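Before anything else, here is the set of structures, which you'll find just below.
Shared chain: chain A. Partners: chain B in the first complex, chain C in the second.
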Partner chain A sequence: MTTRAAWPALPALILLLVFFLFPVVRMLGFSVEAGTLDWYAKALGEGLYLRVFWNTFEIALLVTLFCLLLGYPLGFLMATTTPGWATFGFICVLLPLWTSVLVRTYAWMVLLGRNGVLNRTLMESGLTTDPLPLLHNFTGVLIGMVHVLLPYMVLPIYGAVRRVDPAIPAAAAGLGASSARIFWRIYLPLTLNGIFAGSVLVFVLSLGFFITPALLGGGRVMMIAVLIEQQVRETLNWPFAAALSAVLLVFTFAVYAVAQRFTQSEATR
Partner chain B sequence: MSRRLLVAVCALIYFFLMLPLLVVFPISLSSAPYMQFPPPGFSWQWYERYLDDPQWIDATWRSLYIGGATSVLALLLGVPLAFSLVRARFWGRALLDRLALAPIIVPTIILSVAIYGLFAKLKLIGTWYGLVVAHTVLALPFVVLVIAAGLRDFDRSLEQAAEGLGASRWKTLARITLPLLRPSLVSAGLLAFISSFDEVVVALFLAGANMTLPKKMFDNIMMEIDPTIAAVSVMQILLVSVVLVLIGRFGRGLRDSAR
Partner chain C sequence: MRTGKGAGEGSAELLIEGVAKRFGDVVALDHVSLQVAQGELLTILGPSGSGKTTLLKVVAGFETPDAGRVTVGGANITALPPAKRDIGMVFQNYALFPHLSVKANVAFPLEMRNVGRAEIDRRVGEALAMVELAGYEARLPKQLSGGQQQRVALARAIVFNPRLLLLDEPFGALDRKLRETMQLEVRRLQRRLGLTTIFITHDQEEALVLSDRIAVMNKGAIQQIATTTEIYERPANDFVADFVGESNILHGTMSAPGLVALPDGRKLMVDSEAAPGAKVGVLMRPERFAPGGINEFTGEIVEAVYLGTTFKLRLACEGGQELLVRQPARGPLPAAGTTITVGIDPEAIHVF
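Right, the complex of A and B next:
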């Protein structure tokens, strides 16, 4: 039967090989062009660059943690509320998700700047006398990234909570369990896979983030993707950019490989 | 009691999610000559400035047709790919599945730099079709995910009935399978369009002097915070809202594809 054949995959396979796999492998090859591993030694040996990797790692961890803290209550509420309120929740999650990262980042610049909306509001209400430093630093990058990545945490958690049979918490409540106990003993263990899936996704996406740190960090928060861009566009150091890319890629795949051991995540399963 | 606390916490999180989208509306209608909040008065000046600037209009058209072409190409390649991945059994299927989703996993900066290197050699920098090809690589995983989800829930007995009644394979595909998949096709096509229309990292490297809308916005943000960006942002948010409404009305529910 035609719709069961393998050949329809061929055009897409060719596109992926020619314009995805080949260019990436070719670029990574630049890092060992000289026949030595010097560029890797530079990337992983020099304090300056090691710090960038560490920074990236730290930001990704914090972003994941905050997304989990905000995403769990939201996913939980959306999965357990009335259909009308669930739709409202989906609008609030999906509209930002599909709005350009650039628009959202620009909006945070407007909100967080020295004379921005937040500082104005705080100062006029008398809560602070001086503007808080929220932009062009670690805090700004963190806020912007959590905002961009939160939907990726909410959706898997929503899915996991939806899959919990409502008869189980109902039975526990009937037997006199408190809502805190129902959460810790029923919902949390049964939704661990959603928490895990969301966290891996957010962490991995954070590692390669470019636009938000470039704009909200104001040159003071260096993440690995920003460093790669600089090496290519400013210093034209392709071999070093390639070595940095290879290290980032290995980190990314390592996180996925570890995650795959715990969950099955084949798209077309 | 604890439910009320949950609702209160979530209300704050909803506010956090929507705040950046809402804040650009008043700023885009400000009469101040520079970014000021709250706006001192009302004016359409930033919209007029956008509409009167041929650079902005050019960039918008370019983004629209690149997005349209990406959507068509991603569907033409992605739909058959999804059919094979879900329905066929062949050697290397699992590997192909990984490869098809890899553009989401591989950091966009790496993909951008890699394609930039290749396209510089092929003299494809600054061409609209070069960007379409790169955007199609990025859009393909979305198409595969949405179509594959649609195919998994597909009732095969309808196809079998059509074939049992003597319809050819192609007729079955054209008259039964694709019409039944239409909601998934609509969602996949619109998501591919938006993913290209919004895309900035690849465009930053490949667009050259031929700006797309996101690249023009990026350059403007780097230079000055001019409220024209707010007007462009409002239009972008409205476009996404329209697309989400279209998906909700004619597409396969995003809720289902969120799984």
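Right, the complex of A and C next:
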């Protein structure tokens, strides 16, 4: 397609090769060092570990779903409101993105704990009598991850809505479509690519997410990245950690490949 | 402001009364009033920024006026949302739904009105046949040429028998040849269906081709509403005279009945009943000059252009007056620098 020289990309390629690809390959090598696939058999054969994979998948799916439910209206509003409000929306979406995930996750711990801001407010206002279990469980992980990953959903959707020529929904209104019908018949189909891009991004990021599930899950919500870290740091079982990483990597690639196919068939239609 | 003959004919299907709209300090519409008769095609002609698009948006419901009323068929629609107005509109860039087939695009307004499947099929078929696009039902808009997209937009705007058809500079994106074809086609269709139509354009030639009447707009106000010939032959003011067609506009004072004194002392014989002493504008169309006309102008040719059927000559006359003259292209093109004399009869001069 293009005959332009590739050399400007060379420094970055070398950097990736030396500091990313090489360590990954080296690490994956650990998993088959013994010359057998035993560690893979363990990762994929034992119910305990399959459960962790399933858990990860389930959380990633739910996080994606909630990000979509929250992110679509937000992205949509930002794309269709006045420039002033759009800027305000951008600040709200991007500010967290520029803040460390660690800081944000600790902030959620302050908010969600047994004596956290949220529970105290709820009890003082008389809405609940006992503190709600919001931290160190599934709910906490979900809340934290949705918050951290929301921008990755909002931005592609914002972009997709912005690409819709404003004359098109106006034409639909002029032809007799109510706001609801304009949304279902016009905006939604025309922004599917943004929904898709945001969902894949959030889902893939969720699969390997570590800090938030580790801190907000308090060791009770086991996601694959948390398990890998445990194997490396606590049980020092590097080959098994490597095997788990390989499975995660393959799964992530698979998701990505399927997504790629979809967007391509969409583009060539 | 003059009102042409067409205004009184038939019943006023669309009535715009005292519509005003400002955006911040900018007055987009300065209390505009006009009426369009049942089945009439009225063109709103004006340069960009004249308020014509804002007026169309007010009629379509995309803008709410600060003051005034819009009535269609006797019903006040000023506060109705676009979806409830029953107005078909063709947008500048057609605004076809890119993800829907031609058929689904045209079926859209019918679906919004909960028309039955069989009825939709029948009416979409009819509408597409009318714009000569039968057989293109399954195509997507991007698989069509500009002219075909335009036809789809037109079919979509008329398929639900709207009370009013609005055309917002619909031919701007088409090349000249196609534009002319589409203009005639739209005109034919509009007549056949008896659709009350407002057409927006900045192209005066297009306005002359298509319209029953033309409303010329400038700076948010209507300068003149009249039939096409009236607008061209008897413009109401400088702006209209200048905007529609080529023109030579002079200003002077009536010195006696039928005599205009120009600032340089020249006197022009005109066919006008304006009272002596009145300040008047004088319009002389370039093609109305002929050798031997009663009011003579002598000048040096500054520029001579051959335009196929006519020569377009720019004359520098005595007294510094510049004149644009068109003459039938017969014989060799007069050379620049030669001095010629042209004349114009009193009846060919319009005084306003």
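Here is the rule we use: the second predicted complex is superposed on the first by the 256 of 269 C-alpha atoms of A that agree within 3 Å, B and C clash if a C-alpha of one lies under 4 Å from a C-alpha of the other, contacts with A are read in each partner's own complex, and residues count from 1 in each chain.
Please note the rule applied: a contact is a pair of C-beta atoms (placed from the backbone, for glycine too) under 8 Å apart; a residue touches a chain by one contact, two chains touch by 3 or more.
Computed from a prediction, not measured in an experiment: that's the story for all the values here.
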{"item": "Partner chain in contact with A:46 - chain B first, chain C second, else both or neither", "value": "neither"}
{"item": "Partner chain(s) touched by A:33 [first = chain B, second = chain C, both, neither]", "value": "neither"}
{"item": "Chain B versus chain C, judged by how many residues of chain A each one touches", "value": "B"}
{"item": "First, second, both or neither for A:58, with chain B first and chain C second", "value": "neither"}
{"item": "Partner chain in contact with A:116 - chain B first, chain C second, else both or neither", "value": "first"}
{"item": "Chain B versus chain C as contact partner of A:165, first or second or both or neither", "value": "second"}
{"item": "Touching partner for A:89 - first (chain B), second (chain C), both, neither", "value": "first"}
{"item": "Chain B versus chain C as contact partner of A:176, first or second or both or neither", "value": "second"}
{"item": "Partner chain(s) touched by A:189 [first = chain B, second = chain C, both, neither]", "value": "second"}
{"item": "Contact set on chain A toward chain B in their complex", "value": "1-9, 11-13, 15-16, 19-24, 26-28, 30, 70, 73-74, 76-77, 89-96, 98-111, 113, 115-117, 120, 147, 150, 155-156, 158-159, 179-180, 204, 207-208, 210-211, 215, 225, 228-229, 232-233, 238, 241, 245, 248-249, 252-253, 256, 266-268"}
{"item": "Residues of chain C touching chain A in the complex", "value": "60-62, 81-89, 91-93, 95-99, 108-109, 112-113, 156-157, 160"}
{"item": "Residues on chain B engaged by chain A in the complex (per definition of touch)", "value": "1-3, 6-7, 9-10, 13-14, 16-21, 23-24, 27, 35-38, 76-78, 80-88, 90, 93-94, 96-97, 99-103, 105-111, 113-118, 133-134, 136-137, 140-141, 144-145, 148, 152, 159, 163, 169-170, 173, 177, 191, 194, 197-198, 200-201, 205, 214, 217-218, 221-222, 225, 229-230, 233, 236-237, 240-241, 243-244, 254-255, 258-259"}
{"item": "Chain A to chain C touching residues, read off their complex", "value": "165, 167-168, 170-178, 181, 185-186, 189-190"}
